[in-house]
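You will see two complexes here that share subunit A, one where it goes with subunit B and one where it goes with subunit C.
== the complex of A and B ==
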């Protein structure tokens, strides 16, 4: 199997996302998320090289600055403030969810092969399978974790998956749309961070499993 | 190469190399702790001393104890004969991967019997821990070897390790080598799982099983363990060497030399690892093993993807 550079980066990002499931430490999760996003930014830049689309370079730079740098730093600052180093425990044991994620990684290969591929430069099904796999790992991360910060990380991984899928299947989104999405994402993470502070203040924990009861 | 030279080199590697390997591990650890440490050939003297000591036996023992060490060592010699762990071997018999895995299991079974036969409580719980550990580790080893057999299209270890099409499979070799190496750490009771130098019986795993053995029995047990360590390290060293595609085209004696140097380097690496990491809590060990299984799974998936030439 011959993989081009962006495909390799995206598959590695999907693999890193699978490994994220294996650890309950928030700092490890955030570090792996940062690595994953840097790989996606690299893939975007390589894709810009292949398709000759200048806008992709700008998008890669923006992803690197915002998603790979600011967001993980902000989240680790929050977890320091709240003194939450570890997820309290998940509904599924961490190693098992990692194995489940790897199996889904393979299933997404089978799924992505069925997608009709346009024969334009740089559009390929391994990249699409990486996108689907990222989406599913984000989903498992959100399902399996109990801490509110981990939920935010899961959301960001899902977003990465959708972006990857768009990057490999369409000709990438226009620069304005992509900038809008990134700004939305930044605001969403900020708001989520504020909400987490608020939850901590009112309930004295950020365990979403215990947020089922209503209180006035 | 003449058969006498082949035989003598093979016997030398089987007899001389395992104690040397352990000596290198111990020397590295000592140097990293700022001690001079015993010489690398100290394990030879230790083994020699054991043969001259008088044996103490528990009253409750029956013949199984004696039998277990002998069967253990002979099974390990059979493994050294089966597994292509060095390129120069007098014969290369057909060694199916599952035969090899179950020969390892047979050796382990007799060690367990021996530990339980002595009637000491420590032996029994060491045995129970060892069984738990090996139950966890076995899938990792199986999957790693299966991934290699997928890329070579054969379950014969000899065919796998003389396989020479290296288009896109270096990642498989890397993952499988890492997996075999980490498996060996767990299986042989090296550092992240079990401390080989511990003196507290409650934390022992493998050492607890050898507590009752003395003199020649201990000699057999120790040598079996050294040989197993060398076999595992040589397998993973070969996997790592095969990442470099030119390895298969070298002459056999060059390959042999590289593999032996590789094993010594791995032994040094084991020493460094044992000085850096802390022993895991017993409850955390399944998590560590789960990561080994993950590496094996990745290697199997990459092998499948590479083999079907998608």
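== the complex of A and C ==
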């Protein structure tokens, strides 16, 4: 099987996402998230080279500047401010969740092979498998972590997975739509960041598992 | 282009007013005026769709309205106008009770509510699935600020839950949208996200992607609409938000995501796999209605009660969508929004009067404020579908249509849950209205405090006794 450059980048990004689950240190998690997103931006640029679509270069640049650079920096600034270095972890221990994630990485290959792929340039099933794998790692990250910052990272990994899926199955959404999605994402991270500060101030912790006053 | 600008002009003006630290008393009056002006502008923009022969108007590339979306835009703006007008009174009472600890919070409320309204308008007028998704995510972000109004622990918890649950849910809707886009690339290499073009070429779309995309969109937008079991954020957010914000969340936000589901259901109904778009919404709608009516029985929070009743109505509307009747869906949405906005606004005053959100603590509203009690009973009757009110007609028509379809069992479930919720809501409301008051804050409520709710109930009544429902069904 010959993998093209974007596919290789995306599969590496999916592996990096699996590694994210192996560590409970927030700084490691954020660093790995940044690497993962840089790989995705690279894949986007390579894809632009293959299909000759200039919009993809713009999108790659935007992803590199905002998602791979600003967002992790913002989140690590918050964790420094709140002196939160380590996640407590949830019912799933870190090594176990990493292995589970690697198993899902393999399973997503089987799943992606079932996806109908058109023969247009750039469409590929290995890329789709990377997308599905990223999505699942993000979900596990959200389930297996308790700190609010890790929840946001999990959400961002899910978003990366969905973007990867779009990139390999549709050669990316139209530029305007992609920019709108990115803007929404940035605002969502900002709002979540502000809320995390307020949670720390009111509850004196940012452990989401302990927020369960409201129920029927 | 001009239409898009004029729709977003008034919300921007409101934001500017709030940003320039205009005193709250001036703010209340000017915003009430501006919001009704916005309703008039919206009526002007949407009018051509109704009276001319053409049933759709394009506003800009990727933006446009047809009769259904125009009706929803008008409904959203009516809800917003009512909520904003009542908000002026609500905040004056908060001020008197000394609960407005930080006066700036009020202008922040108007600031985000205006942006929230603008985002909701864009949900209905975008004809591009991508922009529709962006607008729906924007409604989450802006309304999160409204839920956080209370600035206490509970408000924080509700906001966090709302933001995370809805964002992750909506992310799945994005995946669904991408799948629709991918499915269109199988017949034309560029692909399209335009809902009308997708519907017209429905039979050529890649069937596997369309089905997967529909399921993901249903999950994603269903989270935002509060379908069981994805509804967990909804009662918390509705009960923690201030009353005018809860009214907007329930009366207009839920319609946004249901509208998206409606559009996609119409699309899938045009493909060869229409069964998916018929059975899944009907069964899921009936299930949602049943479970939420069970939650209504032993509900202790006043605003949580109305929140669960909203979920129940969402279930009914989803069934109407599955039955292939967008016009019935709109009719039910109008009736639900009118009654529910009235109820949330009244609940805000009742909570201010009694100083408690707990249904068991609120007694004897009739003695402490007869006008409030009278309107509450009227609005509750309108909500539960008592005969002279409009929701009776829409619920009756939906039940008729459901019993004609293949899903007779779902019709039975719907009838049972409607009956159950009627009993539950009546018991709760009568308990609150009758009896002797436990504790009452010193707060004189002028007649104007029930003016907006009474008008809303009157509209609901008009929908029931005049031929208005017939006209709506024929126009759409």
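Of note:
Here, the second predicted complex is superposed on the first by the 213 of 216 C-alpha atoms of A that agree within 3 Å, B and C clash if a C-alpha of one lies under 4 Å from a C-alpha of the other, contacts with A are read in each partner's own complex, and residues count from 1 in each chain.
To be clear about the criterion, a residue touches a chain if its C-beta (ideal position, glycine included) is under 8 Å from a C-beta of that chain, and two chains touch if they have at least 3 such contacts.
Remember, it's a predicted structure, so these values are computed and weren't measured experimentally.
Superimposing the complexes on subunit A yields a three-chain arrangement in which subunit B and subunit C fit side by side.
When the two structures are aligned on the shared chain, A:195 is found in touch with subunit C, with no touch to subunit B. Using C-alpha centres, the superposed arrangement gives subunit A a vertex angle toward subunit B and subunit C of 150 degrees, stated as a multiple of 10. Residue contacts after overlaying the shared chain place A:95 against subunit B, while subunit C stays out of touching range. In the superposition on chain A, A:211 makes contact with subunit C only, not with subunit B. In the superposition on chain A, A:5 contacts neither subunit B nor subunit C. When both complexes are overlaid on chain A, the residue A:15 reaches subunit B alone and has no touch with subunit C.
When the two complexes are overlaid on their common chain A, residue A:203 makes contact with subunit C while staying clear of subunit B. Ranked by how many residues of subunit A each touches, subunit B and subunit C are led by C.
When the two complexes are laid on top of each other via chain A, the two nearest Cα atoms from subunit B and subunit C are 22 angstrom apart. Touching of subunit A by both subunit B and subunit C, each in its own complex, is seen for no residue at all. Of all residues in subunit A, only 115-116, 118, 120, 135, 142, 148, 151, 155, 158-159, 162, 165-166, 169-170, 173-174, 176-177, 180-181, 183-184, 187-188, 191-192, 195, 198-199, 202-203, 208, 211-214, 216 touch subunit C in the complex they form. Remark: subunit C residues 128, 130-131, 133-134, 137-138, 140-141, 144-145, 148, 152-154, 156-161, 163-164, 167-168, 171, 174-175, 178-179, 181-182, 185-186, 189, 191, 193, 206, 208-209, 235-236, 239-240, 295, 299, 304 touch subunit A in the complex.
Interface of subunit B with subunit A (complex): residues 168, 286-287, 290-291, 293-294, 297-298, 301, 304-306, 309-310.
Looking at the complex, you find that subunit A touches subunit B at residues 1-2, 15, 19, 22, 94-96, 98-99, 102, 105-106, 109, 113, 126.
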